[in-house]
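Paired with chain B in one complex and with chain C in the other, chain A is shared by the two complexes that follow.
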Partner chain A sequence: MENDWGKNFLLRKFKNYLFLTFVLICTIVAVIPLFSIIGYVLVKGIGAISLDFFYKLPTPVGEVGGGMGNAIVGTGILVLLACLLGLPVGLFGGIWLAQYGQGRKGFYIRYAADVLSSIPSIVIGIFAYVLIVMTLKRFSAVAGGFALGIIMIPTVTRTTEEMIKLVPRSLYEAGLALGLPEWKVILWIIFRTAWSGVLTGIMLAVARVAGETAPLIFTAFNSPYWTLKLDQPMASMTVQIYNYAISPFQDWHAKAWAGSLTLVFIILGINLLVRRLSKRITYG
Partner chain B sequence: MIKAKKSVSPGGSNGDRWFKNITWLFALTVPLIFLGIVTILIINSWLSITKLGWGFLWGVQWDPLNDVYGALPFIYGTLATSLIALLIAVPLGLGCSTYLTEVLNSNVREYIATLIELLAAIPSVIYGLWGIFVLGPWLANSVEPFLKVTLGFLPFFQGPASGLGMLSAGVILAIMILPTITSISREVFQAVPQSLRESALALGATRWEMIKLAVAGPSWSGVIGAIILGLGRALGETMAVTMVIGNRSQITASIFSPGYSLAAVIANEFAEATSNLNLSVLIELALILFIITLLINGLARLLIWKTIGERTSS
Partner chain C sequence: MVNIEKLVVKKLNAWFNEKQALKEINMSVYEQQVTAIIGPSGCGKSTFIRCLNRLHETVPVASMSGEVFLDGENIFSPSMDIVKLRRRIGMVFQKPTPFPTMSIYDNVAAGIKLYGRKNQAELDEIVIKGLKRAALWEEVKDILSKPGVSLSGGQQQRLCIARALAVEPEVILLDEPCSALDPISTGKIEDLIHELKTKYTILIVTHNMQQAARVANYTGFFLLGELVEFDLTGKIFTAPTDKRTEDYVTGRFG
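Moving on, here comes the complex of A and B:
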């Protein structure tokens, strides 16, 4: 009897060790891709990057040198355009949800935001294509910015709402008690208190759309020139990396790695910064 | 009390009304955009829907130059690569989140969780680049020959090894959905009351038994939700898949051979559509993709809300 119990105990212990080993291996395997991707981007990117890369135009096949200057600026412009659409909708929509969205209407808006965030970005690209590219009859920066703006909306809306909800109710009541109208209390007291949290949401949304390719390939398209014209095609880092990556030329592959290094640096930088900041956010 | 104040200062309450209405308009934009997308997709694919009918869904030929269209190879490629992704990412992600919540008990946990979540921040075009030059060659030279030797009697693992194909796409997708599955199942596990774990341990359970007894029961529907949410992400992923799947519209059992996915064919052919019908067909493919992801995500959200509380209606 006792012997039996002992055997059983050993078996249970063995199963437990087996399980612990399995989950440990899972965790190790899960972090390997991140190190591999970052490692390759660093090593191959640093080999190909130079000062020229940041301010020169791309060169035709076979010509060495040149860079991605226009694409870096282009990504900046596209993100700014996206903010013009995404921020007002996201911020005011988020304020409405937090302040007045308790009922059925609020439920539907939230549901719509969640659904919007799950739509594949290429489908949103088609939406922008039909609305803007087909109307203007050419690829344009505006169309690209529009698509990216829509992608930003759900993230900004939901973080704004959640950050505003974290602000203690007493601040709201204190503002009203001072005789301020409600809208001033919301904008100048509640929203300002929630601002640092809201900002992290905005930064994450910016980081996400800066890395988007699919909604840009048939909206903003690509351009080999410096251009600030918003009704013309515009280069972006992601589309440029894509074109270089699928080309058969060694030199272009190197440039794709260099572009990836720049992009990863910006995007992971923003993400790590946000994580740093959001740990310190406390209210009240 | 607040009502009384408003009646004393009518100017203020007027401003309040304006403010409420303006913010309402912006909030209303969100569902309007959603409805706009649905409308645009249906209107613009109408030509294709009426002309090609249901046969389009199971047609296997794709030849835009002669106006022959069939969606099945793309639907097959999308589902097959996502299935491969789930087969890899589900055990890996669940093992990882179990390790993080149930075994690790220190600051290290947060660091590892951050590392895995950072995977979600890497742009998909960089996954694609890495897939072409690092993952693809590795799969072609080491993994695929190994699979052929060990499991080659199955039709899935036959045919020439190549770095660009459905297996590569599936593995890339697995890496991309790993953060989704890990972080949501982590939240689900954390929602299980600590007292349940403690009572299991107090009865003499080992950690493995504790997870079977106390954690698995209350969290399984949330975990299924996390998996389905990951699936939703895999189905809609475009660039990384386009770059490694090989882009050939065919249906083969072998996962080494090239295939095609819904998102990839849209990305490749949309800008070069030759006719109105061609454009409309591609938009119908987008509509199919849209409907699949919508259903999948709706299901996932229901399951997750059931376990970690319905955040949306709070």
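Moving on, here comes the complex of A and C:
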């Protein structure tokens, strides 16, 4: 009997080590893609990065130099347009779901938001194409912003809802007991308390749409010019990278890498910011 | 001393889903007096006072019936403005509930600031007055811009009292305001209750019978959702008429 105990112990220890090693390997495999992507993009892209790259227009084929300035600004504008649609709908939708969405209606809306978030972004692009591009009869920044805005809605709605649900009900009651109208309690006490968490959700949604390509290809299209006209085609980093990458020219390939590098770092920066923000979330 | 009926409760019933929490409560709360509600856990004490400022009905599964008159006006009548009602009947909860995003100053000012516009000088005056009346001013006058949640539990509770007082209510409901506090903070709040009753009508729910005896003019004893006995505090503790009250106050059960 005592011998068996000893054997079992060794076997157990061995199994434990085996399992731990397996888990460790899986973890390493999981993070390899992230670091290899960042590393590869860095190595390939850093060569074509220069100050010009950030503020010059793209040059025609064969001409060296130039940059992606208009595409960087274009992505910024498209994301802003997306926020104009995605934030109000998402934020107020989230508030509604958290405060009044207990019943059947809430269930269906929540379900619809979850389904919307899993619809491929290219489908949303086609929707924007039919709705706006075909109506206006041209590609436009507005159409691109609209498509990105729709993509933002479910993410913002659901994080807002979850963050508001974390605020203790006692604060809601304390606000009501002070004789404040319900909407002021919700906006100025509950929403404000949940704000840092909500902001995290907004940033994640922004990071996601900034990296979208598919819904922009046939909505905002692309543009080789500086433009602020919202009813005209507009350049974006992702579509520009796509165009450069599928071209046969060496110089454009290098610029695609440089664009990727810039985009990856913008999104990485947003994510790091989100981590900093979300660390500060505390509820009384 | 003439007793004016500030609140009159008639045939009040309350439910959570199918479960009846209050049964046919009839009771009066007198102006500028302290009325204590005692009874074992789960007897409906908190539900009772939450009916009085109509917070009970904000809980999704809650319902109620009956009448409550504030200065002769039924608070459940459709013409009653619920926001105005809650400004006349303030409340302090069991756990301190300072608003986490606001400073000490803003916490006290919240009821006024979020309700309507007031200029800075008026607001300052209201905040200072509220904090002084809640006996917190001396401790916080140099740290008004610090977060309300940075105060100790006892200070937070007095901050909540200051916040409730700042909107100038007529009645103050205290829902076990000391149960999360140490004896020193409890003493401070009891002293405060003595001060406040010269101006306000106070209704306090408490687990602690000594506390009821110390602060209250009148005491009501609740058991299983019923108001068993309501009388002058001295009478309840020395010569109760109901056997159940006697058993409870002498510590034979509960």
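Operating definition for what follows: the second predicted complex is superposed on the first by the 261 of 284 C-alpha atoms of A that agree within 3 Å, B and C clash if a C-alpha of one lies under 4 Å from a C-alpha of the other, contacts with A are read in each partner's own complex, and residues count from 1 in each chain.
In this text, a residue touches a chain if its C-beta (ideal position, glycine included) is under 8 Å from a C-beta of that chain, and two chains touch if they have at least 3 such contacts.
None of the values given here were measured: they were computed from a predicted structure.
> Mind working out whether A:64 is in touch with chain B, chain C, both or neither, as first, second, both or neither?
A:64: touches no partner chain.
> After the superposition on A, what does A:246 contact: first (chain B), second (chain C), both or neither?
first
> A:153 contacts which: chain B (first), chain C (second), both, neither?
A:153 sits against chain B, while chain C stays out of touch.
> See if chain A has more residues touched by chain B or by chain C, and give me that chain.
Between chain B and chain C, B touches the greater number of residues in chain A.
> Quick check on the superposed pair: does A:51 touch chain B, chain C, both, or neither? Answer first, second, both or neither.
A:51: touches no partner chain.
> Counting only touches as set out at the top, which of chain B and chain C does A:256 meet: first, second, both, neither?
first
> Check the residue A:178 against both partner chains and state whether it touches chain B (first), chain C (second), both, or neither.
A:178 sits against chain C, while chain B stays out of touch.
> Which partner does A:193 contact after superposing on A: first (chain B), second (chain C), both, neither?
A:193: touches chain C, not chain B.
> Based on the A-chain superposition described above, do chain B and chain C contact any of the same residues on chain A, and if so which?
In the superposed arrangement, which is not itself an observed complex, chain A uses residues 176, 179-181, 184 for both chain B and chain C.
> Note which residues of chain A are touching chain C in the complex, please.
So the residues of chain A touching chain C come out as 102, 170-171, 173-181, 184, 188-189, 192-193, 195, 282-284.
> In the complex of these two chains, what residues of chain A are touching chain B?
Those residues of chain A that touch chain B are 12-13, 15-16, 18-20, 22-27, 29-31, 33-34, 36-37, 40-41, 44, 88-89, 91-93, 95-97, 99-101, 106-116, 118-124, 126-127, 129-131, 139, 150, 153-154, 157, 176, 179-184, 186-187, 207-208, 210-214, 217-218, 221, 238, 241-242, 245-246, 253, 256-257, 260, 263-264, 267-268, 271-272, 275.
> Per the contact definition, I'd like the list of chain B residues that touch chain A in the complex.
So the residues of chain B touching chain A come out as 2, 5-6, 9, 11-13, 15-16, 18-20, 22-31, 33-34, 36-37, 40-41, 44, 91-96, 98-100, 102-103, 112, 114-116, 118-119, 121-130, 132-134, 175, 178, 182, 206-209, 211, 232, 235-239, 243, 263, 266-267, 270-271, 283, 286, 289-290, 293-294, 297-298, 301, 312-313.
> Please output the residues of chain C touching chain A within their complex, sorted ascending.
Against chain A, the touching part of chain C is residues 53, 55, 58, 60, 83-88, 90-91, 93, 95, 97-101, 110-111, 114-115, 148-149, 160, 163-164, 167, 169.
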